[in-house]
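Paired with chain B in one complex and with chain C in the other, chain A is shared by the two complexes that follow.
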Partner chain A sequence: MDQLLKDIYAGVIDGQSALVQEKVKDALASGLNPGVILKEGMIAAMREVGRRFEEGEFYVPEMLIAARAMQSGLALLKPHLQESDVKSAGKVVIGTVKGDLHDIGKNLVAMMLEGAGFEIYDLGTDVTPQKFIETARSVDADIIAMSALLTTTMTNMKVTIDALADAGLRSSLKVMVGGAPITDQYAAQIGADGYAVDASRAVSVAKSLLSH
Partner chain B sequence: MTSSSFTIDLEPVGRRVQVGTKSTLLAAAQAAGVELVAVCGGIGSCGTCRVRLMTGELSPLTLIEEVELGLDEIAAGFRLACQARPVSDVRLDIPPESLTTPQRLQVEGQGVEVGLDPVVVPIDLHISPPSLFDLRSDTTRLKAALAEQGFVIQTIALPVLAGLSEGLRAQDWSARLALRRVDGKAAKNLVAVLPPASPLLGLAVDIGTTKLAAYLVDLVSGETLAKDGAMNPQIAFGEDVISRIAYVNEHAGQHPDGRQLLQDRLVATLNHLAAQLCAGVGNSPQQIVEAVFVGNTAMHHLFAGLPVHQLGASPYVPVIGESFELPATALGLSLARGATVYLPPNIAGYVGADHVAMLLALDVARTQQITIALDIGTNTEITLSIPARRTGRKGNRMLSCSCASGPAFEGAHINAGMRAAPGAIERLQIIAGDVRVHTIGGVAPVGICGSGILDAVAELLVAGVLDRRGVLQKGHSRLRQATNGRLEFLLVPAAASGHGHDLVVSREDVKEIQLAKGAIRAGIEILLGEAGLMPDDVEQFIVAGAFGTYLDLNSALRIGMFPALPIERFRQVGNAAGIGAKQMLVSAAQRRAASQIARQIEYIELTTHPTFAEEFVQALTFGK
Partner chain C sequence: MRLKCIGCEVLARAIYLCAAQSPHLVDVVLLERGLHNTPAKLRTQLQDQIDASAAQGYDAVVLAYGLCGQATAGLISRGVPLAIPRAHDCITLFLGSRQRYQEQFQASPGTYWYTQDYIERRSDQGSTLALGLGSDTDLQTVYAEYVEKYGRENADYLMEVMGAWQRHYQRAVYIDLGVGDGTAVEAYAQGEADRRGWTFERMAGDLVLIRRLLYGDWGDDSGSTSGSDFLILKPGQSVKTAYDDRIIDCVDLS
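After this line comes the complex of A and B, so read on.
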């Protein structure tokens, strides 16, 4: 592998934003294919971060620090990427539910999904059921991913799922949920298709939801 | 034979309760008034409500219990009280760490001296008794006697009126009246008819989410006669504010109504606390003629009987921001019949009257030094005050925010974590590879409280066992592989502990501290950024609250929770909110100052602040 790609890969894992940016610039200047930089440098690094996370070597802080480094590189890379460079694994509309303004966990899930090749439509925080529905319709989403950090707002996940059913969209897409107070049991109880305990596992849950 | 109710025997508390078959053990304990720790509010995500089955039968283990409890614990009969339901009469053993009492309760605090500006004043009167030749009513008689001394009565509330005749006659027409000022009027309200020469008492209480701190004050001298603490009984319905709001939401309109239940429990404890304080100095709560209560916005609302639903969802707005007063009788408080409860202003949904009281007590609004004042809890409220000389304004510029720092410093979500109770490691040092611990009460350690875990993380960093990201580095002799394959650091071996189990620090624990300190530091940086200041510009750094008093500043600086300022700029001031409440109890001028502080503060919402996520991630890294 190209030394620059190796540096980007290692820089993302170690969470060194400045280094990643520098090396992405160098890689672009040296004529490396942006799609290759993305895939072999960044996506591969985030996959490794996810693996270390699942094995208990990495925790949320390292993951956040790594994701920040990836994003800083991605910002430089994006203007150079062609449609053909990126093969979408699926379209995900993601947001924190109505009443809840917490987005760090949600952003991490979005970054991990993006790193795994999903097309992300991030609606931010305090997202109404209506907004989820409109966006899901207009982009023809495969998955709606909802986050809640508060026990007082997690009830809006069910409200959104019910609204999706009323809008006739429930059977045409999958719903996955997560957030500190959410449990597997709760996800099943409100009729979600998937639940992931953390951002890394959200990737495998999203993939498995679309595989059958 | 199936039964519709079972008897639950709660040991070692020794309480029994009859519950229906659908009731969880947590609900049973709540019904019995036994306060179990339930950090998550009973949804099964925290694993803090462990109880051990001694006799009888419970419902099968739930998936949540299998996840939260280890195999050893399950074998030993441990269950989660929020999950298990009785299927026969049962007898339970509640381990000390699952009980919310006893705890170390902190009531001391520092504040600036303030002069008296009494709201309620005593008037000693002798009234000529009625006779067949003098048939004036009791109130006419009273008013006439008062007029002779130059006082006019505006109103006499019904409860006072109802006790008036008996009071005057029992005291042979000599009485000490408590009269309360009416804003903008010369006339006063009659609050109480007390025996001659009895002291005029006031009550100031800081209603913490976890702890209550109460002060009994002589309103004439301004002197504190007694102080005491108690646990907030609402803990049994959820450890943090959000869990309690969720409990209220889920039990709205039920019997008992959630909000009513939480208010009733709190008021009952407050009544008990007031009676205890008064008994200690040979008085009765009937002599308490004025009270001030401070608390975070949710505690304020739950105490006053205001809705909290809107505090649980964005944009997290309080029902009321301004100060207000209400009769003690309306809350069920057993004080003097005409006593008034004063509630200072709230700044925002997560910056409440307790923070206003803290700022008031330390005169942060008028400080001549660039000051940061914060109170660390599950939510950490921070205020930055910039003196007028720096801003060219008339008064200080004040910016406030609230950080979601989580319950780690209260010992929650920490493997060996516990509250600051006997047996908790509160200080820890690693000297030449050896771990030295100091516990509360000097007994063998059974867990670690906030200041101890803070020390542990700081010491592990210095010893090189942790890197700046918080990753455990191999090489130390006390580092070992846990049963789950992950690394953990042995703090206290089983043989030296008070319960025969190893006490360890895991990466999980470090992570909790990292998230907490990251949130606090990010809040500090954002306030400084908003004011265009650098950390080093801060001339005074005030750390209030219980944890803030016991924490080792050097540890906090080592992990980077606070900016690296010279140590002499820091002040640890204890429960300053309680001091502020006392000041408002004895001074109308301080009440006005509190309202002014609340109006003056610019509140910064962190969750939607454009640089919060960046600052937070930055602050997750350890080191100065």
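After this line comes the complex of A and C, so read on.
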């Protein structure tokens, strides 16, 4: 592998935002293919970050700074990427449910999904069912991802899923849920398609939801 | 009756007051408020206390806890009945009803709740986070650790991201329970609100749920879809999350 790609890969894993930006500039100047920088430098690095998180080597702070480094490199790369360089893994509309203002986990999931090649439409916090529906419709979303931190707000996941059904959208997209009080059983009970225990596993869940 | 009350220390004054006035004989065990951050650990400690009480000659065990981030889900009653208020967290117990908390939550989800015991019993020197949510970790210590591990620039970013949810908050409420002198805590809450640009409100608390819990006045759970104010477990039953207005429910273990 090209040394610059190795540096970008290592820089993302170490959360070295400034270094990643510098190396991405160098890589572009040296004529490296932007699609290759993206895939072999950054997406591969985020996959490794996810692996280390699942192994318990990385915690949330390491994930956050790695994702930030990835995003800062991606911002420089984006103007140079061709349509053919980036095959979107899918469109994800993401937000915390109505009444819930806690978004660290949601942001991390959004960054990990972005790092895995998904297109993210982040609606932020306290998102009404109507807002999820409107956005899902306008961007033709593949996945709606909802998070809740509180047992007081988690029931709004079911409200949103029911509203999607009423709007006739339920069968055309997948719903995944997560957050501290959420469990597999709860996800199944409210009719969600997927649940992930953390941001890293959210990536594999999202991929598997769209693979069949 | 002989009752054993296992409660969170954020309810200390309320529990002691109602225990003193109860027609029953009440023994009180308080657990640390910081356990809220680790629901599995809290559950283990609660279960240990429940298990120990089986051989201590009580007629019932009462929990001054809510669902508390699912910490009480999975608890098993041993030997004697177990009574638990139907509440998401202590804010319901301070306000006196699920409905009142629900109204407050819907009107303003971004609310920091302050009470006397909660502030008095904090263990950190740094900023205090919201009731029912809080992490007690000293922010300065965390920051120093981040700087050392990830560099100052990343540390600044992490503090901003980790604390970002606080910016969504708009209101501080001091709940006055009318027990003890809360003047200093109220002034502290007011100061926090001013510092962060939140509105400040003082709200009268209502000890009715704690009183009924310790008076053995648990009501009848039958005939109500939302359940009465207390869940009563028979020996050998387990608590489960209800995911509706009942908040918690019981399940037979067999």
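By our rule, the second predicted complex is superposed on the first by the 212 of 212 C-alpha atoms of A that agree within 3 Å, B and C clash if a C-alpha of one lies under 4 Å from a C-alpha of the other, contacts with A are read in each partner's own complex, and residues count from 1 in each chain.
What we mean here is this: a residue touches a chain if its C-beta (ideal position, glycine included) is under 8 Å from a C-beta of that chain, and two chains touch if they have at least 3 such contacts.
Predicted, not measured: the structure shown is a model, and the values here were computed from it.
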item	value
Side-by-side fit of chain B and chain C on chain A, or clash	clash
Touching partner for A:Gly56 - first (chain B), second (chain C), both, neither	first
Chain B versus chain C as contact partner of A:Gln189, first or second or both or neither	second
Partner chain(s) touched by A:Thr128 [first = chain B, second = chain C, both, neither]	neither
Segment of chain B intruding into chain C (one of 148-156, 220-228 or 346-354)	346-354
Shared chain A surface residues [contacts with chain B and with chain C]	15, 61-62, 64-65, 68, 99-104, 107, 125-126, 150-153, 155, 180-181, 186
Footprint of chain A on chain B - complex, ascending	40-41, 43-45, 62-64, 242-243, 245-246, 249, 309, 312-315, 404, 469-471, 484-486, 507-508, 510-511, 514-515, 518, 605, 607-608, 613-614, 616-617, 620-621
Chain B-facing residues of chain A, complex	15, 56-62, 64-65, 68, 98-104, 107, 125-126, 150-153, 155-156, 180-181, 183-186
Contacting residues of chain C [partner chain A, same complex]	67, 69-70, 88-89, 102, 105-106, 109-110, 132-133, 146, 149-150, 153-154, 157-158, 161-162, 164-165, 168-169, 241, 243-244, 247
Touching residues (chain side chain A, partner chain C) in the complex	15, 17-18, 61-62, 64-65, 68, 99-104, 107, 125-126, 149-155, 158, 180-181, 186, 189-190
